[in-house]
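Down below are the structures I want you to see.
Across the two complexes that follow, chain A remains constant while its partner is chain B and subsequently chain C.
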Partner chain A sequence: MYSLSECNPAVAAVCLLSAAGIAMFCMNPVILALSLAGAVCFFLVRNGAGGGKSHLFFCLLFAVLALVNPLVSHNGVTVLFVLNHRPVTLEALLYGMAAAAAVVSALYWFRSFSQLMTGDRLLYLFGRLSPRLALVLSMAFRFVPLFSRQAKKIRQAQRALGRLREGNIAETFRGNVRVFSILLTWALENGIVTADSMAARGYGVGRRTQFSVFRFRRGDAVLLALTLLFFGGACVSLACGALDMVYYPALVFPECTPLALAGYLCYGLLAFLPSLAQGWEVLRWSCLRSRI
Partner chain B sequence: MELLTVENLSFSYPQAGGRALENVTCSVRRGEFVALCGATGSGKSTLLRLLKRELAPLGERSGRILIGGTPVEELPASASARTVGFVMQQPEQQLVTDRVWHELAFGLENLGLPQAVIARRVAETASYFGIEDWYEREVSGLSGGQKQLLALASVMVMQPEILLLDEPTSQLDPIAASDFIATLRRLNQDFSLTVLLSEHRLEEVIPLCDRMLVLEKGRLLESDAPRRVIPRLGDRPELLCAMPAAARLGAALGAQTCPLTVREGREWLGQWLGQLCRETSCEQPPQACGKEQSSPQGAGPAGPPALCFRDVWFRYERSLPDVLRGLSLTVAQGELFCILGGNGSGKTTALGVAAGLLRAYSGSIRVFGKRIREVRPGDGCVAALPQDVQTVFLRNTVREELEDAGVRPESLPFDLGGLYDRHPYDLSGGEQQLLGLAKVLAASPRLLLLDEPTKGLDADTKRGFIRILRELQASGMTVVVVTHDVDFAAQCADRCALFFRGAAVSVGAPADFFSENRFYTTAANRMTRGYFDRVVTVKDAIARCRGCRREGAPHEGN
Partner chain C sequence: MRGIESPRLRRWLRVLLPAVVMPAVVLGGALVLDERRHLFVSVAVAACAVLLFLAGIERRRIGSRRMVIAAVMIALCVVGRLIPFFKPVTALTVITAIYLGGETGFLVGAMSALLSNFYFGQGPWTPFQMLAWGLIGLFAGLLARPLKKSRAFLLCYGLLSGLLFSLVMDVWTVLWYNGRFDPALWLAAMGTALPHTVLYAVSNFAFLWLLARPIGEKLERVRIKYGL
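Showing the complex of A and B:
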């Protein structure tokens, strides 16, 4: 088993997307709590104490999402208090919190996903579909930063010439439009060189193959098998209705059947699998390193 | 054995007046290293592109091109892509993908090779070119030299039989350029790879090449070993000025066998002076010839300061290291000042600080006595031309560009006539540089800052550029030039400064500056060191040699 940043990109993607996917289609509070805990834990494991600002943002988002629902939705039978002649209910509050947990945990999962899936990894994933698509993606990954750098350079050059006036909005806007238009010309001009370079190296000669530096190793197989096992277990439990939760008009919690417990266990393991894999690798590495 | 044969090749572009190539006949043997020389517009690129079928320009062509005995048009597509490798000028634009490994694999993917073969070839190529350390890096983070090396490696991975290179080092700094040329030499020696290279920077290429082809206005002028060709160029200063310093000196003084490198130049000069001494029965050894007793000129600035840095510190971001570390430097009014130094020594950053684009966190910068913060852009005080001159163009024709900037063409010290209806991007490097200069001059700055203005210019264009700078200087302008080009600095500067680790470590007039440096100096100075004092340009060296000959007895000379 490898950590997600070391393993095959396909396995990492399956693992993260299945953990996020279940949380997005289920309003069970336990599942959502597990998802949120697992996602935050994985983010912390990867980034340490850094990223304080994004944590603050996610906390605020959670609070806003959780509080908006009881203020606009007045369903439910348990009235907590009356605000502006409108009842605020416990059911609506809990539903809001569940929805907020679903959204915030999904955001945490995708944060980690975008950190893990750098350009070359995404390329490996989508390149399987078509080598041509892979090439287009690879070029796009290169061109976007290239353009923004060139735009910055053009703006600086104009400032150095004393040509770019940053007075009123209209002039700034006009200046930016002009920079953008020359940027397009520049892109086309450079596109010709790139196209020449591609043609010179035989692009379009025949059927392309795709080369990649990623392999599928035994550790990847282990991680994939575990992911699929836990995902399957959680799905069965979910499909049988063992985890269904009713919020309106009155709260009905799912019963504690063995199937429901199995579902919680499976999802809990799935949600913490990324963190566990990371921890396992740290442990294994410190063990290996002690032998060096 | 002839690998490449060109027979009676003529070519003209559609809607162009004359012919780009006229009746060119030449051939290249397997394993030969051939340099293609000629001024901008002499048809070098056209010839190279016609040899590579995928890049052949559209137009009217007559004559035959054979590669390994087969006409280029009849080669199968994959064989044509594989057999002929082509490396272009622009390091950035000729790379296709975002990662180094993918760039290396790109050509092999196109040929449809299986994964295992690609893996092996990419691995062995990466280790041969020494790019294992940055194998997984993103292409955008590489230096210019690394990008160009990657472009070469990703062509070589396809195992071509002939390698064509169109001015591959013109966008590189001198050290990266030497490395690149050394790599080409290694490929040529290790694999007997056939190399056909067009280049402006001939100082290092000429000694390596077996043969040089000289093109002029589309006609093949010469095709022979450099030692035989160069003496025949004696009456063509516009071609000769691109040759190595030793060769120019030899050609000017009528050497029997033309020296090509600094070592050969020194040996030859020693013999030449020795013979002169014998002829004039002079007892002094040739080493004593032409010693000059002039004291070094004052290293201090001559007039009131135009630009003054005092203990300036700068870094790009709080967490990054300092780029300028206590820079102190004064440029006098009316001076032409050159800033030299290696990559990352802070030259361009210093220019950015002086232009008010970057803000130093400590120290004072004054422009004509005014603090830099009080200098407003566009008030006729200071203007800068960036290194990538394309970034100053915003319009679709030269005419609009000039009108937009408010340039009166008659006020310029050079002529842009004939270019008015062209797109700025379609101009040659030298013409782009002039148009950029015209736009900067529109603000009529008293202090002009130029960043690498001679990058990618051929030797003749460079001479013209120096003339223009001199005229601007004569009109009272102060010019500061950041450059890697020591020959350029030796020819035009009033004073030079060497930057090292964010500070100016030595400042002086070129003659003192370069003769006190041992490594960072011109080829002419390295060649004449010990024979003559304070000679930094080939022109000086020729004048001193002729002076010796005229005076008869060299020791009485100066």
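Showing the complex of A and C:
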């Protein structure tokens, strides 16, 4: 088992999306609490204690989302107090908290997802679907830093020639336009050379194979199998209605049948699987180091 | 590079993709899918743009050259967005479309939106930006001949494309706020966005005024020299 940042991108995507996906389609409070805890735990494991600002933002968002529902929706039978001649009910408050947990945990999951899925990993995933799209994207990705560097060189040369004066806005603007125009000429010629070079090396002659540094190793298979097992278990439990929760008009909690307990267990393991994989790697690393 | 063999299929794709399939994907994605899965919609639109681009290629040999030039223009749009005081995406898309065809214009517009949002932030708005810029490029390709001939018409098109961009993006604003489409809210959103629309239209005007001739000459030169 590898941590998600080390393993095959497809496995990492399946793992995170299945954990986030179940929490999006289920309003069961236990599942949502597990999802929130797992997402926050994974974020903390990856980023340490830093990022206090984003945690504060997520806390505020949770509070706002949770409190808006009871103030707007007045369904439910258990009245907590009356505000402005409108009843504020326990059911609406709990529903608001569940919805807020769903949104905030999804935001945490997707923040981790976008940290993990860098450009090359996304290309690896989507390159399988459309090789041409992947080629255009990866060429453009490669051109962006190349052109930025070239633009810098052109600007320095122009400044040394005294053709780029940065006085008022109009002069700055005109200078930038000239730099851009020079860059364009260079870029187009460079692009044609690239295309001819590709053709000379046989691009478009036959089926293309892809190079990627990501392989599917045994550890990936273990992680994928565990993910699918837990995901399947949680789905079965969800599909049989063992985890259904009724909020309105009165709260009906799902019964503690074995099926429901199995569903909680599976989802709990799924939600903490990313953190566990990360922790396992840290443990193994320290074990290996202690042996030296 | 392999193109699409059957001319009839190519003709159908060139009409159906921008007119039916892509708006359906973008709107359907916004309405049905959760807004957290926007990246899949963006990639679907990008794949459609590539398909459209392939449908626009008649001779096989020019395909890979034109594709590299499209990648160059996309990268220039992104670099252009990174330079301060400089937002030339619409202008570059329009110019590319005029000289290299509407399908290439669509590809450049849509992909610059996708790619530059890797730097500026991806979100549920990305597919709408892709569609808006792509359509601006496609229409410019259809109107290539009059746009090339008359500078006044080109500048008018710049103003109009600012409006078109705003129209498409306001559909997103309404869907995001309301959950479903509502014409009254759409009008209200356009009214609120009016200062931005005007700024956008004016900046398109300025960039086309400045860039159309020099960049057009360069693209024309490359086109003639290498037979794109």
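Just so it is clear, the second predicted complex is superposed on the first by the 222 of 292 C-alpha atoms of A that agree within 3 Å, B and C clash if a C-alpha of one lies under 4 Å from a C-alpha of the other, contacts with A are read in each partner's own complex, and residues count from 1 in each chain.
Here is the rule we go by: contacts are C-beta pairs under 8 Å (C-beta built on N, C-alpha and C of every residue); 3 or more make two chains touch, one makes a residue touch a chain.
Note that the coordinates shown come from a computational prediction; the quantities given were computed from them, not determined experimentally.
Once the two complexes are overlaid on the shared chain, A:D120 sits against chain B while remaining clear of chain C. Of the two partner chains, both chain B and chain C are touched by A:F141. Using the contact criterion defined above for the overlaid structures, shared-chain residue A:L184 touches chain C, although it does not reach chain B.
Of the two partner chains, chain B is the only one touched by A:A157; chain C is not. Contact with chain C, but none with chain B, is seen for A:L133 once the two complexes are overlaid on the shared chain. Contact with chain C, but none with chain B, is seen for A:F110 once the two complexes are overlaid on the shared chain. Using the contact criterion defined above for the overlaid structures, shared-chain residue A:L283 touches neither chain B nor chain C, since it reaches no partner. In the superposition on chain A, A:A63 makes contact with neither chain B nor chain C.
Applying the stated contact rule after C-alpha superposition, one finds that A:A200 touches chain B and leaves chain C untouched.
In the superposition on chain A, the residues of chain A contacting both chain B and chain C are 119, 135, 139, 141, 146, 181, 185, 189-190, 194, 196, 198-199, 203-204. Taken in their complex, chain C has these residues touching chain A: 1-2, 34, 36, 43, 46-47, 50, 54, 60, 63-65, 67-72, 74-76, 78-80, 82-83, 85-86, 88, 107, 111, 114-115, 118, 122, 210-211, 214-215, 218-219, 222, 226. Those residues of chain A lying in contact with chain B across their complex are 119-120, 123, 131, 135, 138-139, 141-142, 145-146, 149-150, 153-154, 156-163, 165, 178-179, 181-182, 185-186, 189-190, 193-194, 196-213. Partner chain C is touched in their complex by these residues of chain A: 20, 24, 106, 110, 114, 119, 126, 129-130, 132-133, 135-137, 139-141, 143-144, 146-148, 151, 169, 172-173, 176-177, 180-181, 183-185, 187-192, 194-196, 198-199, 203-204. Chain B contributes residues 52, 54-55, 77-78, 81-82, 85-86, 88, 90, 92-99, 101-102, 105-115, 118-119, 122, 136, 138-140, 151, 154-155, 158, 355, 357, 377-379, 383-386, 388, 390-396, 405, 423, 425, 439-440, 443, 449 to its touches with chain A in the complex.
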